[in-house]
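Presented sequentially are two complexes of chain A, the first with chain B as partner and the second with chain C.
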Partner chain A sequence: MTVMSHISVQHPASTTRGDHVARFLRNYYIYFVLVAVVVVLSVANLDRFDLFERGNFLNPSNIINILRVSAPLLTLAGAFTLLMVSGYIDLSVGSAMSLSAVVYALLAINGVPFLAAFGITILVGVGLGAINGFLVARLKITPVIATLITLSLYKGVALLLVQDGVSAIKSGGGLSMPGWFNSYGREGVLVGLPMAFWVAVLVTIVLVIAQDRTLLGKYAAATGGNPTAAKLSGINTTRIVFLLYVIVGVSAALAGIARSSFMSLGDPLSGDGMELSAILVVLLGGTAFSGGEGRVLRSFVGALIIMALTVGMLTLVPAYYQTLVLGSALLAAAASNHLISRKEKAS
Partner chain B sequence: MSDETFITLLVASVAVGLFVVASVSVPNFFQPLTMLNLVTNNWAVISLGVGVTFLLVSGNFDLSVGGVVALSGVLAVWFAQSPDGANPLSTGLGFPTWLAIVCALGGALAIGGLNAFFVVRLSVPSIIVTLGTMMVARGIAQVITQGSQRNTNLPDDFGMLGNLTMFGTSVKLPVVLMVILVVVAVFIEKKTVFGRLTYWAGENAVAARLSGIDTAKHVTYLYLFSAAIAGTVGILLASEFKSGFSNRGTLMEFDALVIALLGGVAIAGGFGSVVGMFFGALILAVVTSAATGMILSPDWQFILKAIAVFLAITTQTWALAWRHR
Partner chain C sequence: MTGQQPSPVLAVDGLTKDYPGVRAVDNVSFSVEQSTVHCLVGENGAGKSTLVKMLTGALRPTSGSMRVGGSPYEPSNPSDARAGGIATLFQELHVVDELTVQENLTLGMERSRFGFLVKSDLDDRVVRTLAAIEPSIDPSARVSTLSVAQKQIVEIARAASSGASVIIMDEPTAALSEREVERLFAVIRRLREADVTVIYISHKLDEIFKLGDAVTVLRDGKHIATKKLSEVAGRAELIEMMIGRSVLQTYAPRSTVTDETVLAAEGLTSELLKDVSFHINRGEIVGFYGLVGAGKTEIARALFGADRVSGSIRFKGQSVGRSPKGAIASGIALVPEERRTQGLFTSLSIRRNISVMNTRRLSSGGVFRSSDERAAAVEYVQKLSIATDSIEKYAEKLSGGNQQKVVLAKCLFADADLLLLDEPTRGVDVGAKTEIYDIIRQLADAGTSVAVFSSELEEVLGICDRIFLLFSGSVQAEVTNGPDVDPASILNVVTGGGAHAVQ
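Let's look at the complex of A and B:
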């Protein structure tokens, strides 16, 4: 799997019809999966065939609700894709998200205005990402270990920021959350969707452009495809990796703000398991875990699928089926990625 | 002295050093009971650490052990519960206890087999596979317990194994089993062909395969071995508390990984030892119990764990570099 095959748009003229079909499937299968999930969930919920009536999956308020809940994962998907494309991983995103949520709620409850609280939390995200970047890129600690260390560290700090005997930062004890606090994650500003969702879309657009039109995207793919070759061709892989961790940190902060605003509290455990969801959507989007390949937009769609599945499933089966379904989806995504990449290598 | 002995000695002296510091600075720390508790309170994680260490040495992760602990415990309880319960959560299959245990172990081995299939046959990275199987195992446990636990309508002998005290002391059977497991594992690791092949497979998988070692079979055995340990731990815990709890063992997979890393096991494979892992567990135990003794909030344990692993990794890298300067 070379870097060139990923970057170049032209394909050799000798490709057969079968190759085109395979490539088409690989590029667009994620959209078919999304449609299939939506159709299955809609039909499964039907008593009658009035698709758009209240109580059915395709009911606009249900769609809006799903997209609102999805904002944190949608925000994370793009940055996480770029990081995995470069062959690295961040297990601390969940903890970074929790810590940002707690910081943001703490600032808001102590009277800091919206924009300042927002800005400071983003800066915290930059810092958290920079710590990861420093451990991995500078100190050369294996990504899995380095981010396992920070997973524990950020979680510990988040728990310490919330005083003993209270489960989360919330109104009470003389302090109360300002009125604007949950409008960011809940109040519709455009077609009924809140700011948090549009920020996720904006982040994704920026990262799609970064991947397709800037050196960052090319260098990330080169680093993941063949680190030695990338270094030898003069790419400063250390800086690229550091930068990617910072971008993931900022996305985690934005995700934390979205979650915190949606729930109206700063819960130090709110991001738990987010690293699993992030890995899941990125793999679902067809990113190769060995690095070098993957598209930001496809992971975004992957996140939509997972959220539709988790929320939609609640109407079909009890909530305790969720872990099993998500785990199976993760294994299925990993296996299908493998089969696809093996077929490409063979051809 | 090999690098491995060097690192193991380093880890052991850090453990002893920390213990001395804790004994001096923490009131009531230097007591026989405290020392005993450092080991007995951690029997589950140390047992899991054995399987995880072997796999890490062979170059593979196993993050599914926490999920398997939950799954096998829940399965054992479900199989053993009598079939005439008043509600779904107190109604089981009514197997005799021994059969329930055997079947629960079978469930654990199935997860190990799944790990091996994805890692060996499909060559999917082990970290992703075992994160997936962790969720699948815990997911099945959650479905069987409807997201909570089963603890009623169990035969009396179900609670025996986990609570059996040994040699007239307060030490329970699981602790003794853990000690036996560690001793046997050290023997396998140091003295048997199987143990040495594990290092070869982790050091250089391609060279190992080219020299005629069936690494696929080897790694399969290791995953089954690890799942069997995790399954046993799950059953013993279920027996100790007489309940099958779907959230039992949460984060145990990370603790098992952490103690292996503290003990000098290299994540890239080919390096590390069970003895090192054992001392790694002692380091973690001393640090966390000393923190509790100094009345730090329990939230500190996450930060202390992070600092301990960071220091362990950097010190070991630095010590090896210094040795080879």
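Let's look at the complex of A and C:
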């Protein structure tokens, strides 16, 4: 395959056509999928189902509604991508999100002002991420096992905090949620979209820059691509991985805040299944399960697709089919991801 | 030696490394001149890799000292070695496929401000270094799009631009095509012009004559000579230094060899093998001797059906070579090279390991008879004198020699008529080695055929009745063992010296 004269300069040696196709697919297919999903949902006239009373899919209020609901997943997608690029995974994100939601709601209902409640919840996220990072990066426990354990632990704590017989922290019994609690996730502040959505956008922008412009982004790719090479180059992979878990923890806390304020309650089960959605979104965005490869922005688009589909599905298929559909989509994403990787390896 | 006396870039003095019971490197002293290609040769087990591990900081010497550029050098890990200016090109490549060439070149050396990458002269420097040694590689290309040879050059460029004054290359041509080897040589020559010293380890003597300025020969852990290659008369002199006169002829012709062919292989061809044909008789011990990458393991795996190759393999008249399951069923057993990862269940007991290939013999109607399993284990532990206090001992707790005996027992229990032994005594101490050779001879005397795939000349000359000499995937010659076999001419063949005049 190598056919190089010694004279030619500035040409990658063995880039074949198949390689270009695979790269192109990996880079851009997500945008085509987004367009396709929007077109299909627009054509499948949702009006007929009389569920939204908002007319066509492309109706502004419908779009705003979808983006509002999407905020938690959009917040999570970028950090989860970076973690998977480094070859690791966090199954506890859903529980971390639930716990953060409960803590945030508890603080709010007990009169703690917005910024303090927000800050404390983020610190909780730092702590939860640090625990995962400690177990995985320091103690070298297999990521799936370690975060499966914390999935159970974090959820357990969240349930304990809501122990007085009610199912969630919400207004009632003499206490009531302050007004700002709900408006963070629902009330439009810019082009009709709430704070929670703009925080998700901000987080994504920060992580896109981190991926392209910082040592963290490069070292995450090196750690996931070839851990031995990374270590031999003097990179402290333990620290990189720990840091990435903390970032995922913070994102989970932000996602929990977004979810609880959208629902106006602190539900200890609100993050259930979020780890699957996050994996789905990241795989859909073309991130390699084996690490090394993946883009923050593509996962963000992947999250938009999933949320559009989820909301669209509400009108098309009964709710109890949704988990099955989610699983099937995950299978399809994983399979196509695997096929693209294999094509890249082969060429 | 010459008029000009530049101080050596690397000097080792009285370097010794002891392992329990073995002195792997014994009082080795030599020095490497700056801007030369210094070759390191020796047979397997001569101590080359132990020496390299001490140079790279992977091992601490038992005694002796090293100096780099005149100052003491005591690396205790690979990053110490890097800091001392010594970089190593390992056989497995350490590049990140997902990053670009340039990102790989600067990996770990980036300039940054508050964690943000900043442009610096480093980027220009690495690109210039790369352009100087191999202009055809695009710095912005992703490494996954490069060939193995190009990735290797990227690693060399990284070592060179990190300021290494010495680059150690361990068998760098093992995975390269002829054309790529030429390119690598050009790169190495350009490095030399840029005042980088290369320590080049290879079994291929032609490469050494083509490339080297000086050569150091090791044998049995001892330093035999360091010479300018211009002062080495030729292959014959080098080979003589490598083997000395120490090859003991312990082979005694065996009377139990028959003429009855049990296995015939015709025209085996794969990516690595080139038209390999041979036959093995009943009760015969056949050797396949060649250096790393000559195709020994490939032949063993092909016979066992672990890899598919074209050509035909007939065993006792039946066609085999399609699957390990079929091979076991027809009576072929393989003792793989990687004992711990491929031959043994280290987390199972001796008893469970021995029975694992032939559980059918121990069960009736799907019910497993533990008492028979225990009896079989006891029988083989005694037969092969496996040193253990219990058959319930986990295989991972045994010494290398005893582990190998367990693997052998496993194959024997499977009623094999043909045993394929890939490097059967690697990592086994001398006492156990002799015992394993005795077991092999007894088996052959009892009518089992044995194929030994080995890169140790002493081993094949010690036990094999016939020896096939391999070089780069093809059988170069067949030797019938006997007192008049000349080890030097065998070594000449397997290092690429052509097949003529073996006997």
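We adopt the following convention: the second predicted complex is superposed on the first by the 317 of 347 C-alpha atoms of A that agree within 3 Å, B and C clash if a C-alpha of one lies under 4 Å from a C-alpha of the other, contacts with A are read in each partner's own complex, and residues count from 1 in each chain.
The criterion applied here is as follows: a residue touches a chain if its C-beta (ideal position, glycine included) is under 8 Å from a C-beta of that chain, and two chains touch if they have at least 3 such contacts.
Just so we're clear, the structure is a prediction, and the values are computed from it rather than from any experiment.
Undergrad: Once the shared chain is lined up, is A:N226 touching chain B (first), chain C (second), both, or neither of them?
TA: A:N226 contacts chain C only, not chain B.
Undergrad: Between chain B and chain C, whom does A:R213 touch in the aligned arrangement: first, second, both, or neither?
TA: Second partner only, chain C.
Undergrad: Look at A:G292 in the shared chain and tell me whether it touches chain B only, chain C only, both, or neither; answer first, second, both or neither.
TA: A:G292 sits against chain C, while chain B stays out of touch.
Undergrad: One more residue to check, A:G327. First (chain B), second (chain C), both or neither?
TA: A:G327 sits against chain B, while chain C stays out of touch.
Undergrad: Could you tell me if A:G234 is touching chain B, chain C, both of them or neither one (first, second, both, neither)?
TA: Second partner only, chain C.
Undergrad: Does chain B (first) or chain C (second) touch A:L160, or do both, or does neither?
TA: First partner only.
Undergrad: Given the touch rule stated above, what does A:T150 touch, chain B (first), chain C (second), both, or neither?
TA: first
Undergrad: Check whether A:L115 is in contact with chain B, with chain C, with both or with neither, and answer first, second, both or neither.
TA: So A:L115 meets neither chain B nor chain C here.
Undergrad: Starting from the residues of chain A touching chain B, keep only those that also touch chain C in the other complex, and list them.
TA: none
Undergrad: Under the definition above, what is the set of chain A residues touching chain B in their complex?
TA: 89, 135, 139, 141-142, 144-145, 148-150, 152-153, 155-157, 159-160, 164, 276, 279, 283, 289-290, 318-328, 330-331, 334-335, 337-339
Undergrad: Going by the contact rule at the top, pick out the chain C residues touching chain A in the complex.
TA: Against chain A, the touching part of chain C is residues 78-79, 82, 94-99, 103, 107-110, 112, 115-117, 131, 135-138, 140-141, 144-147, 149-150, 179-180, 186.
Undergrad: Which residues, counting only chain B, touch chain A once they are in their complex?
TA: 61, 114, 118, 122-125, 127-129, 131-140, 142-143, 145-147, 246, 254, 257-258, 261, 267-268, 297, 299-307, 309-310, 313-314
Undergrad: Using the touch definition from the top, list the residues of chain A that touch chain C in their complex.
TA: Touch list, chain A to chain C: 1-2, 4-6, 8-15, 19, 213-216, 218, 221-222, 224-226, 228-230, 232-235, 288, 292-293, 344-345.
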